[in-house]
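Two complexes are shown next, each including chain A; its partner changes from chain B in the first to chain C in the second.
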Partner chain A sequence: MKAEILILLIKILLLVLVIVFGSIAYSMIYRRWRTKRLQLIESTFAKICSLYLYPAPNEESNLIEIQRELKAVGIVPSKPRNVQYLIDLMIRTQRSILGNNYTKLKKLFTQIPPYGASASKLTSSKWYIKARGIREIYEMDQSQYTRDLIKLRNDDNIYVRREAQIGIVIFLGWKSLRFLPYLKRQMTLWQQIKIVEKLNDLYPIPDLNHLRRAYNSDRPYANELIMRIIRKFHLTEDIAYIIQFIDNPKFEIREAAIYCISSFSLSAEQLREIKEKFYHISNTEQQLMLLKYIQRISMDIDLPFYKDLLYNGSDIIKLSTADILWNNGYKEEVQEYYYHQYTQKADSESISV
Partner chain B sequence: MRKALVIQEDIIILKIIERLVILNQYECRAIRSINDLDIEDQSANFDVIISDILFEGIAPLDFVFQIQEIILHKSLIIVTNMGQNKIEKEILASQNVRGFFPIPLDMDNIQKLIA
Partner chain C sequence: MVILVEIDLYYYIFWILNYFFLLYGLCLIALYFFAIILSTRSVNRNKRKARFLQVNDIVSATDIPSITLIAPAFNESKTIVENVKSLLALQYPYYELIIVNDGSTDNTLQLLIDKYDLESFDSTFITQPIPTSTVNKIYRSRKLQFKQLTVIDKNNGGKSDANNAGINFAATELVLCTDADCIIEQDALLKMVRPYLEEFNQEIVACGAAIGIINDSIVKNGVVEKLRLPDSLIPMIQVVEYIRAFLLGRMAWSEINGVMLVSGAFGLYARNRVIEVNGFNIHTVGEDLELGIRLRKHMEEIKVPHKMVYLPETLCWTEAPNNIDVLIKQRDRWARGLWETMTLHKDLFFNRKYRDMGLFYYPYWMVFELGAPIVEFLGLLSLIVFTMLGLINWNVAILLFTSIYLLGCIFSTISIFIYVKNFKHYNTGKEVIELLLAAYLEPFLYHPILVLGQIQGYYKKIFGVKSGWGNMDRKGFKTLPKERL
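Presenting the complex of A and B:
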């Protein structure tokens, strides 16, 4: 009886082994076949691109022939993975070519098979497919889908709406400020930086009309975004927009305002305004940053302002003010304050015995 | 007929450059890596070599010096993904390098050099 069970066990194990080895062999063969297939698609695509960009003299490139060639290597709607591979190749190619050829390639890509494959991803229920579709659309410069991207700017998923917002900026440039300051959801710092950088890369000449219209937005992230844009494009005439947020009750907005203002130098009037606002900042660290900035851009020392801080500021502010005064030749004022504290303490504090 | 050697790992860039070179009346040998070079290439005396500088087993600058020593040629053009300024400066400082083009590139610039 025991021998029979053993034999049965051995048979089952053998069967498992056969299945395991079989699947390993299958996956090896499949992978080899798949790599060959992808290489074939790649080399066919390379040949098509090269012939399209540089056709023989007196010869027009034949689009039907191109479509037939791609179909022959497996670019058909029933094989989405091949189609995806082709899209990746297109994006890669478009990223590496500039000049006339870039425009030519863009035209070619609107005419060969997977047209619409990226756009159809926008209707997917999965966020990563949607986001990928948006990315493909803007990477391949298919601006005919701008409207679809605008619809997705407030999507529930952060990655989808991020990609859509970047796409809108790429296609519409400064006009995108018609939408971006009025989004339903917060925008992260990283996304703000990405938008500012994209604007700077693709549309380096600022369109003040669209920017100034966005000044009315009351969303906190929009204020930060606009301040960053003013800083990046060095719009000296719009500094007043940043100054108004220096003493904003919200920490993040103040932080952005102080950061952005520090790349400008100010007029005497603006400087006075900032000094007034200085007292309304509730955070010492930020006060300190602003104090350093004021000192950096001021031509000469505003003694009444510093003396006021020296006597009435918090301890850290007092220390920094003393530092500034001392290093700028006002040692007597600092010494005077130094002795003043002792006389005060001697009067008010009782000494324990 | 003039002779050209193109070495690019990216097959799409390789094919496009090959096509450009052929249309400019060159006899073109296009390969994807330095392993595909053979003994005949050494004495082929190419008019132009258009090459990448990123290859397995050799540092970019070493590659430029090596290829200048080993393969007979008149001028060398670099087309590469590794387009940092520092590399460009160092490579252009060596003799016989006619052009350095970081990807993304405009093929018209290459055409001007090889026409």
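Presenting the complex of A and C:
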């Protein structure tokens, strides 16, 4: 390799190094400047909100003055990051205020810039801008865009469709169950959690008609979602829906079913059904969880059931069953089992000898 | 005539080795550049995703997966009380803490019993899906504020065995394995659980996050009160090394679903999957990598689409070796762990059955992780031999060294740049300059020690020299004076 080439390479590398140094320095200086700018926007916004909510006596809020103040701190269309920060501040403020002031603030936000910023994001080609727009729409309670959100419920991007689905639940409540159990794509655990939470927070009285119609969906995520709703709203009359999934072939559905059923007490008939299904569960850990649940909700110890497990279950189930029996006063049964094991072992050893 | 043939042969070997080192170096440089692109994408993507799933949303949610944090402790009396305090202070709604006292010979257990008012429970019938050394007693606190704390006292069986005992006892969907001497960020679990909540067509089998170095920082009530750069050079360089490894290396792998290693100091696993593969392997000191590979192999075998992910944020802080002896011991152990794991799973090498893992990820680890110290050592040997034979053109060699050195500096500087741009841990000019200086001194003062440690580890494996974990003397964290607590 020629020395000249290497010298050129060293020069190029030094130049790259200097550029990276410069980037670090720029990044640090910019961050400081940006922090100051954001603090200025925040304090201006706080002043505007407080004067609007609690004006001085005989003094009306001057909207033109407010707009000028915002423009002075950089809230202009050519600076989208500043505008975005203002929107975030608006959402944060609206979240923390209730009652009359909430309505007043909502009115103020429609009168000051940015105008229609969130809705315009729905047409963006970038997923994170689109998803952000949807979030802003539902956080700012702009229900006039519900139709747009419904269109996005099956979007290719997980974040866009997730935000759209949450928005649909917020605006339509239980009626949203007309769409949600029939989506084209799988739903994540977080989507399910958010939907259940939003229903619980905003529509606490369950609309069983819409819910029960959704029972027809055979999509796994819909089964999980409905089970979570039944659990959250403590719909004891719909426990049968959960019980049918206890021994489902799919691990995740079984997991959700066992988790959801754990919040309920069961009738003798339901308990019998659960015990029957117990044997069809292929995963020992899930069997263990169910066993603990059965023990917790049972009034009495079902000795034949436990003895059957003690003699025929897997090693882990046997040990847990022994634990349950031992701690519930059936020490003799446990001792008898271990004695039986011991004699069986001794017999087999003597035969082999 | 014979002399001429010999000189020709040396020349021949010289050129072959030259081209080998050049090719190896070029591949490595290309991979690093590729890693920079991937990790930048990955960090940006993570930041964008995080906006839609904020910790405040998760903390108030009800159906999120429950987590058990498992921390093995062996002779940790200096730091155990402070660290348990830190682990108990984590924010997560459904969270249990299991400390596994792995047969400590000091007063670790007694300190825990006294401080947390523990009482023992009957452990006759505890289920052990993964076999471990004998569990002697299980302790729980009488105090309500420590109700999520369980202490398992077992016979010594090593870190993996202790982790397995904790996994057996846990009753949650996820288990987070950490070290009792780690300080975990308060919202770490809320952040770590994100991938499990968001994934829908692939199962997350493990999740890791960046680990930072906390030497000479101030810890108050088990929380990092003031993060400082270490005073001495060895841990300072390790700060840069960790930033580079986690930000460039693991984030890049995460972007292409190529993560095989989730650090043993801080890794979140799906408990059912860990049990299916029979937990950590107690016969290797590289148990974290070994478990990662075994988990991925298992998922490939049962044909379940899966992912191992990394988060770019530093969520766990640990004390790094403060002197050369301890550092060499640590790297010796890591090298042995790597050797053992690679040997154990050699069937993966270009095995199409395991798809990308067999064709790319495992061969990468074999050639560039396991192979790098060997190649470096060979390079050094050849340099000495060819110098003695007078075959080295020193003008070119010095220029080549300078180029390689500058390339290394560029990679480290870019890592520091990505870190400074995205995270606020080290954000003063002084700290950044110190980090850069440490990065530029690393090839001269630190890297040779690493290679020495690694070669020592390989030597022990090749020649069957018995060696265990080795001890790491801890200084303990700086805590604020009592009147300020």
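Operating definition for what follows: the second predicted complex is superposed on the first by the 239 of 353 C-alpha atoms of A that agree within 3 Å, B and C clash if a C-alpha of one lies under 4 Å from a C-alpha of the other, contacts with A are read in each partner's own complex, and residues count from 1 in each chain.
As a convention for this text, a contact is a pair of C-beta atoms (placed from the backbone, for glycine too) under 8 Å apart; a residue touches a chain by one contact, two chains touch by 3 or more.
Keep in mind the model is a prediction, meaning the values are calculated, not measured.
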Item to check | Which partner reaches more residues of chain A (counting touched residues only), chain B or chain C | outcome: C
Next on the checklist: Tell me the contact category for A:S96 with respect to chain B and chain C: first, second, both or neither.
Outcome noted: first
Checklist entry - Is A:R228 in contact with chain B, with chain C, with both, or with neither (first, second, both, neither)? => result second
Next on the checklist: I'd like to know which partner A:I316 touches here: chain B for first, chain C for second, both or neither.
Outcome noted: second
Next on the checklist: Just checking: does A:N58 make contact with chain B only, chain C only, both, or neither of them? Give me first, second, both or neither.
Outcome noted: neither
Checklist entry - Which parts of chain A are touched by chain B and by chain C alike? => result none
Item to check | Contact set on chain A toward chain B in their complex | outcome: 42-43, 45-47, 49-51, 53-54, 56-57, 89, 92-93, 95-101
Item to check | Residue ranges of chain C touching chain A (in the complex, touch as defined) | outcome: 48-49, 51-53, 57, 61-65, 124-129, 171, 173, 196-201, 271-272, 275, 395-396, 399-400, 402-403, 406-407, 409-410, 413-414, 416-417, 420-421, 427, 429, 432
Checklist entry - Along chain B, where are the residues that touch chain A in the complex? => result 10-16, 18-20, 23, 103-108
Checklist entry - Quick one: in the complex, what on chain A touches chain C? => result 1, 3, 6-7, 9-10, 13-14, 16-17, 20-21, 23-24, 27-28, 31, 128, 131-132, 135, 158-159, 162-163, 185-190, 192-194, 196-197, 221, 228, 232, 251, 255, 259, 283-285, 288-289, 316, 319-320, 322-323, 326
